[in-house]
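Each of the next two complexes has chain A plus one more chain, namely chain B in the first and chain C in the second.
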Partner chain A sequence: MRFVLLRLARLATVLLAVTASSFLLLNLIPGDPTVTLLGPAAGDAHAKAELTQQLGLGHSIPVRYVTWLGHAVQGDFGRSYFTQDTVVRSISERLPLTIELMGMAEVIALGVAIPLALIAAARANRWFDKASGAVTLALLGMPPFILGILLIYVFAVHWHLFPSSGQTPWFHIGNGVVATPRSLLLPAITLAGSQLAVFSRVLRADLLQTLRSDFILAARAKGIPTRRIMTHHALRPSLFSVMTLAVLSLGALVGGSVIVENIFALPGMGRLIVTSIFKRDYLIVQASVVLVAVIFVVLTSLLEILYVVVDPRTRRSE
Partner chain B sequence: MTTTGTPPRTASAADESIAPIRNVRKYGFGLWLAIAWLILIAFGAILGPMLPLPDPHAQLTGAPFASPSSHHLFGTDLVGHDLFSQVLYGGRVSMIVGATSVVLGLLVGGSLGIIGGYLGGAADAALLWVTDVLLTFPGLVFALALVAFAGPSLGSVLIAIDVLAIPIYARIARATTLTYARQDFVLAAELMGATRTRVMVREIAPNVAVRLLAYAALGASVAILAEGGLAYLGVSVPGSLSWGSMIAQGQSQLQDAPQAAFAPMLAMFLTLLSLTFIGERLGASIDPREANVSG
Partner chain C sequence: MRLRVVIAGVVVSAFVATACGSGSTSHPASVPKPAAAIYDSSAPREGGTLTIGLDAETDGWNPVASQWSAQGYAIGGAIFDPLVTGGTDNKPHPYLAQSVTPDKTYAHWTIKLRPNIKFHDGEPLNADAVLLQFSKIKQSFLVGQLFGPMVDTTKVDDLTVRVNMNAPWVAFPEALASQAGYIAAPKQLRASADEAAKHPIGTGPFVFSEWQRDDHFTGVKNPNYWQRGVPHPDKVVFRIIPDPQTRIASLQSGQLDFTYTGDPGQIKQFRDDHSFTLVEQHGDTPGMIMLNTTTAPLDDVRVRQALAFATDAKQLLQTIGRGIGSVAEEPYRESSPWYVPSGYPTSPDVAHARQLIDEYKRAKGITGNLKITLGCVPVGTNQQLVDLVKAQWSRVGVDVNEKMTEQATYINDAINGNYQANCWIQFGLPDPDLDSTWWTSANAHPVGQLSLNMARNKDAQIDTALKEGRTNPDADARKAAYGRVWKRFAELVPYIWTYRGELGLLWGKRFHLAKSPQPDGAEFVPPNISGTVPIAQVWVG
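Right after this comes the complex of A and B.
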C-alpha cells in the first residue's frame, strides 16, 4: 500500500515537471500565433493587441502556466486557436487511429522478433542466425520514410494489394474512427520495422547470455528438448531488456507515427501534431505532449510492477 | 549491401572470450566497405561543385522521367533534374548534421557526463533529471516544433538535432565514469593528491572517450535519421537539397519515375547501414559482452 502511494506521489511530481518544462520550452521558442491567425492584418497593432488579450497571451509564462494547469486538471485544455473546436474534441477524434496504429506495430514487432530471436539463439552462428542478423541490420538502416515508400511501391503501386494512402473506417469510438486492420497493415509494418530489428537483436543477445547459466545446463542434462528449453526456461528470464525497450520506445513510436501518418496520409495524432506545429496552435501541441508524457510515465510505472511479476528475483523486502 | 561481403563466421558461441579481436579481422571486408561508402559520400558532398555534373537545381538537364543511363547515372525526375547530382548535393546537410552532433555530443555530453558521474551529489542529480526530461519527450516532435517556430535554417536544424543528441552521450559518459571512478588507478591518482579536475581530465576522460567514440557512429546515424525525418516533413534547410526532402518529392512520382524516390532512399539507406555496422563493430571490439549483439 505504501508502495502504491509512493508511486502515485512520484507520478504527480513527474507530471508537474513534464508539463511545466514542456510549457516553458514551447513558449520560449520564438513565433507568434497572432501573426499566423491575422495573416496580412497582423500589421494592425490594435487588432493584434486585442487578439493577444483574447487568447490570454499577454500574461507572463508562469501566470499562463498556472492558469492552464488549473483548467487542465478539470479536463479543460482550451480551444484550438484556429478551428474553435475544444482541444479535447480535436484529440479524441484523432487518438483512436494512432493508438490502433501503434498497437498493431507493437504486436507485429514483438510477434516477429520473439520467435526470430528464439530460433536464432537456439542455433547461434548457423545460417538462420546469420540471415536474421543481416535482415535486422538492414532494417536498422531503414527509417519509416524509406521502408514505407518501399512498401508503397511494391504493394500499392506495383501490385495494387493495399491502399497507398488513407484508411477505410471500420467503426467509431466516440467521435474517433477506428480503421480496418487491412488498411493499416502497411503503415503498421512501416512503424514496426526498426523496433522489430532492435527487439530481436537485443533478445537474441540476452538469450545467449541466459543459455550459459547453470539452470539451462541442468535442464539440458535432464534431457529436455532444446525447443522446450528455449520457450519454457530461457525466454522468461531473458525478456527484461526487451520489455524495457518496448515501453521506453514509446517516444520513438510517437515520432515514428508522426512520419508514418504523413507518408500514408492518415488522420491521426501525428498529423494533428504536425499541422498544429505549423499553425502554431500551441494548446493542441501542449495537450498532445502532455498526453504522451502521461502515458509514458504511467507505462514506466506499470513496467516496474511487471518486472516483479516476470522475475521474482527483483522482489525486494520492504 | 555491405553485409553480403562478410565472410562466413565459424566461431561458436563458446569461444567468444577471444571473439572481439577476431571479429575486427573477420569483419574487415564489410567494415572497409562501410568506411569506403562514407568516404565516397563525404567526397561527393565536398567535391560536388568541381565535378562535371549538371547543376542539381537546373531543370531539363535531360528528358524528364529518364531512366538511369551514362548521361544521368540515377536518371531524371519529372522536371528533368539530374538525380545523381541531387543525391550528391543532398548528402551535404546529412554530413554536417552527423559531424556536428558527434563533436558536440563528445565535447558537451561527454564533459557533463564525466562531471555528473565523478562529482555525484547535486550535479549528478541535476544531470539525471534534465536528461530524463529530454529523453522522455518524443524527440521528433520537439525538433519539429523548434525548427518550425524558429524558422527553418541550417542553424535551427543543427540546434534542434544536436540538443536532442547530447543527453545520450551524457548518459553513456556518466555510466562509464561510474565504473571507473572507484578503480585502483583513479584511487592512486587521488591518493597522490591529484585535484578533482586533474583526475577527471587525465584519468577518467581518456577511458570515457573510447566508449563515446564507439557510440559516435550510431549517434551520427541517429542524427542523420532525425534530419531526414524533418526534411521529409518539409522543415529542413530551405533552398538546399536534402535526402529527406528528395524522398518526399519522389513519393509523388512513384508511379512514373520511381528513381526520383529510390536514388536518395538508397543513398540514405547505405549511409545509415554503414554507420550502424561500424558502430556495432566498434562496440564489439571494446566490450566483449556486446560482441554477441550483432549477428
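Right after this comes the complex of A and C.
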C-alpha cells in the first residue's frame, strides 16, 4: 500500500512539473495559433483579437495553465484549435498505432538483442562476437531515416515483401486503428535498430561480468552445459541494465516514432505531435506530453516491481 | 484542368508552403503537352482502386472556406465539379455550367447550368445552390477577395443565374474555375464550419467515403454521375506521404499508381527508368525575392535595381535546381501567351550593381556595407537559397542577415510589412487578372497594416494597365497592358526573379489514361504540374 501511495505521489509531482514546464515552453516559442488559423486574415487586428479571446489565449500563461489543469484533472483536455475535435479523440485515434509500433519495436529489439548477446558472450572474442559487435556498432551509428529508407528499398521496392508506407488496418480500438503486424514490420525494425544495438552490447558486457562470478564457476565445475549456464544461470542476474534501458528508452522511442512515422507515412502520435507543434496547437501537444509522462512514470514503477521479481535480493536490500 | 488550381493565388500559404525551393508542387498548373504515348486507346477497364500519392494534407473540403493548394485541388476534383474548367487551348470551358456568357459590357454575366445533375445527397444542382455558394463566397475572406468585382447575383430561372459586377470583369470565367467555383451541396454549405470541412458533398465522380487526417482520403464511385461512362475505378484513395523518398518508393513497390516529385535528383533518376512513365513539366509560378519597397534601404529604387543586378538566377537554378527548370524574368515564362519581354536583367552585372549601391550610399551619407534582412521558411532547399543569395549580394557591398520563420508567421509578417526581403513563390496564374490583387496600389498599405500587395509597390502606370487588363475584352490589348506591368516590374524591382522549378509526374503500369473529351467536347488536359489527375480519364488495370 505504501509502495502504491508513494508511486502515486511521485506521479502527481512529475505530472505537475512536466505539464507546467511544457506549458511554459510551448507558450514561449515564437508563433501564434491565431496566425495559423486566420491565415492572411491574421493582419486584421479585430479578427485576431476576437479569435484570441475565443481560444482563451488572452490571459496570462499562469492563468491559462491553472485553467487548463482544472479541466484536465476532470478529463477535459479541450479541443484542437484546428480540427475542433476533442483532444482526447484526436489522441485516441493515433495512440493505438504508435503503441503498437513501439511495442513491436521493443519486442524486436529485445527478441534479437538477448540471443545475440547470449551467443556473443558465450563465444567472447571469437568470430561471432566480433561480427555481432561490428553489426551493432553499425546500427548504432546509422540514423533511423537511413535504416528506414534502406529497408524500404530492399524489402518493399526490390523484393515486394512488405509495404513501403502506410498501414493496413487490422482492427479498431475505439477510433484508433491497430495495423496488421506485416504492415508495421519495417517501421518497427527501423525503430528497433539502435535500441537493439544498445541492448545487445550492454547485455553482453553484463553477461561477461556475471560469467566471472563464483556461482558460474561452480556450475561449470558441476559439468552443466554452457547453453544451460547461459540461459538458466547467467541471464537472469544480467538483465537489470537491459530492463532499465528498455524502460528508459521509452523517451527515445517516442522521439524515434516521430521520424519513423514520417518516413513510413503512418498516422500515429509522432506525426500528430509534430504537426501540432508546427501549428501551435497547444492543447494537443500539452495532452500528448501528459500522456507520455504518465506512461513513463507508470513503466518506471512497474520496472521497480520487476526488479524484485527478477532478483528477490532487491526486496531484502530495500 | 489547368484552371483548376487557379485560385491558389488567393491562398497565399499555397505558395509559400514550399517557398523558393525547387520544383514546388504548389505551382498553378501549366498546360502540359506530353507525348501522345501517355494515352491508352484500348477499352477502359472498369473497377479497381486508383491510389494517388500526395505530399501534404489539406485543412478541409469546404470550397469557400478551406485552403486548397495543389493537393486540395487533386482531392477536391474527385468529389466536386467546377462550374468552369480549362482546356489544352488555354481557354475556360463550361463544366457544370452549360454556358457562361457576358453582356456587351462584361459587367453582367449569365451562368446557365447543365440540367439533371444531382449532388451526392440527391439534391439537384440548380440556381439556388449556385446562389448559396456565391453568397458564401462573398462572406469568405479567403476567396471573397478574388470575387471583389461581384456585387450581386440573381436567379433568372431554375438553371440560370445572373451575376452583376461593379465594373467589367473579363476574366470572370477563369475565376469560376478556381476553388470557389467547385460547387458544394447546400447541405454542406449550411452545415457547421467543422462539419462542412470534414464531410464534402459534391456532384463529382466520387462520393466521399472516409478521411483519416494525415493518412488517406477515400472516395467511392458515384453510380449516378452525370457524365456517362465515367469514372472507371470503383474507388479512389489519396494517400498523404510527405517524405519524397517514401512516396517514390511507394510508387516503385506498387502501392501507388500515380505520384509526383519536385526533386531534381529524382526526376533525373526516372529519366533512365523506363518502367515508369515520367512527364516533366516546367512550372508557371516563378520563384522570387519579394522586396518591401517601403522600408529603407529598399525604398530606394537604386538599391532594388542593384540587388537585381547582383542576383545570379542561373547560378541558383544550377546549384539548387540542378539545372532542371528555367530562369524567371517576369510572372510568366517565355512560352506563355502572357509573356511579353520586360527588359529585366537575366544575367548579373556586379559592376553596375556596385555603382548603384555606391550612388545610394553617397546620397544618403552612408559608410560601410548596407544591411538587409532576408527571410525564408525553413523548408526544402531554402537554406541553400539564402546562403547563395547572401554570397551574391555580399559582392556588391550588401550584408544579409538571414531570418528563418515558420510559415504562418512568415505570411502574416509579409502581409503586415514586417520584413525587408522574403524568398517567395507566387503569380503565373492562367489569367494575370487573377493575380492583380497582389499588384494593385489599392492594396498597398503602410507597414503595420494588412496589405495584399505585400511588396507595397505603388505605381499609377501599373494600376492603369491592370484596369485595362481587367476590363478590355480585346485579347491583344490585354496582353499589351500586362506587358506594361511586367516592364514596370523590371524598372521598379518590387520582385527579384529567380527561377521556375520543374515537376515530374510519375505513374506505373497499372495507371492508364483514356483520351476522352470534356463535357463541351474540348480536350481534357492530361495530368498536370499541380499533381492533379483528370480523374474521369483514368482507369486502372
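Quick note on the criterion: the second predicted complex is superposed on the first by the 315 of 318 C-alpha atoms of A that agree within 3 Å, B and C clash if a C-alpha of one lies under 4 Å from a C-alpha of the other, contacts with A are read in each partner's own complex, and residues count from 1 in each chain.
Just so we're on the same page, contacts are C-beta pairs under 8 Å (C-beta built on N, C-alpha and C of every residue); 3 or more make two chains touch, one makes a residue touch a chain.
Given the structure is predicted, the values throughout are model-derived calculations rather than measurements.
Partners chain B and chain C, once the complexes are superposed on chain A, run into each other and clash.
Touch criterion met: A:Leu208 reaches chain B, while chain C stays clear of it. Judged by the touch definition given at the top, the superposed model places A:Leu8 against neither chain B nor chain C.
Touch criterion met: A:Ile263 reaches chain B and chain C at once.
Touch criterion met: A:Asp44 reaches chain C, while chain B stays clear of it.
Applying the stated contact rule after C-alpha superposition, one finds that A:Val35 touches chain C and leaves chain B untouched. Judged by the touch definition given at the top, the superposed model places A:Phe82 against chain C, while chain B stays out of reach.
The wider contact with chain A, measured as residues touched, comes from B rather than the other of chain B and chain C. Once the two complexes are overlaid on the shared chain, A:Val308 sits clear of chain B and of chain C alike. Touch criterion met: A:Phe296 reaches chain B, while chain C stays clear of it. By the touch criterion defined above, A:Arg271 lies against chain C but remains apart from chain B after alignment on the C-alpha atoms of chain A.
Comparing the listed stretches 23-31, 77-85 or 221-229 of chain B against chain C after superposition, the clashing one is 77-85.
Common to the chain B and chain C contact sets on chain A are residues 30-31, 149, 152-153, 157, 164, 262-263, 278, 280.
Chain A contributes residues 30-32, 35-36, 39-44, 47, 82-84, 93, 149, 152-153, 156-157, 160, 163-167, 177, 262-267, 271-272, 275, 278-280 to its touches with chain C in the complex. Taken in their complex, chain B has these residues touching chain A: 1, 3-4, 8-13, 129, 133, 135-142, 144-146, 148-151, 221, 225, 228-229, 232-233, 244, 247-248, 250-251, 254-255, 258, 261-262, 265, 268-270, 272-273, 276-277, 280, 290, 292-295.
Across the interface of their complex, chain A is touched by residues 11-13, 59, 67, 141-142, 193-194, 212-216, 239-243, 245-247, 249-250, 252-255, 405-406, 408-409, 411-412, 415-416, 449-452 of chain C.
Those residues of chain A that touch chain B in the complex are listed here as 17-18, 21-22, 25-26, 29-31, 120, 124-125, 129-130, 132-134, 136-138, 140-146, 149-150, 152-153, 157, 164, 201-202, 204-205, 208-209, 211, 251-252, 254-255, 258-259, 262-263, 273-274, 277-278, 280, 285, 288-289, 292-293, 296-297.
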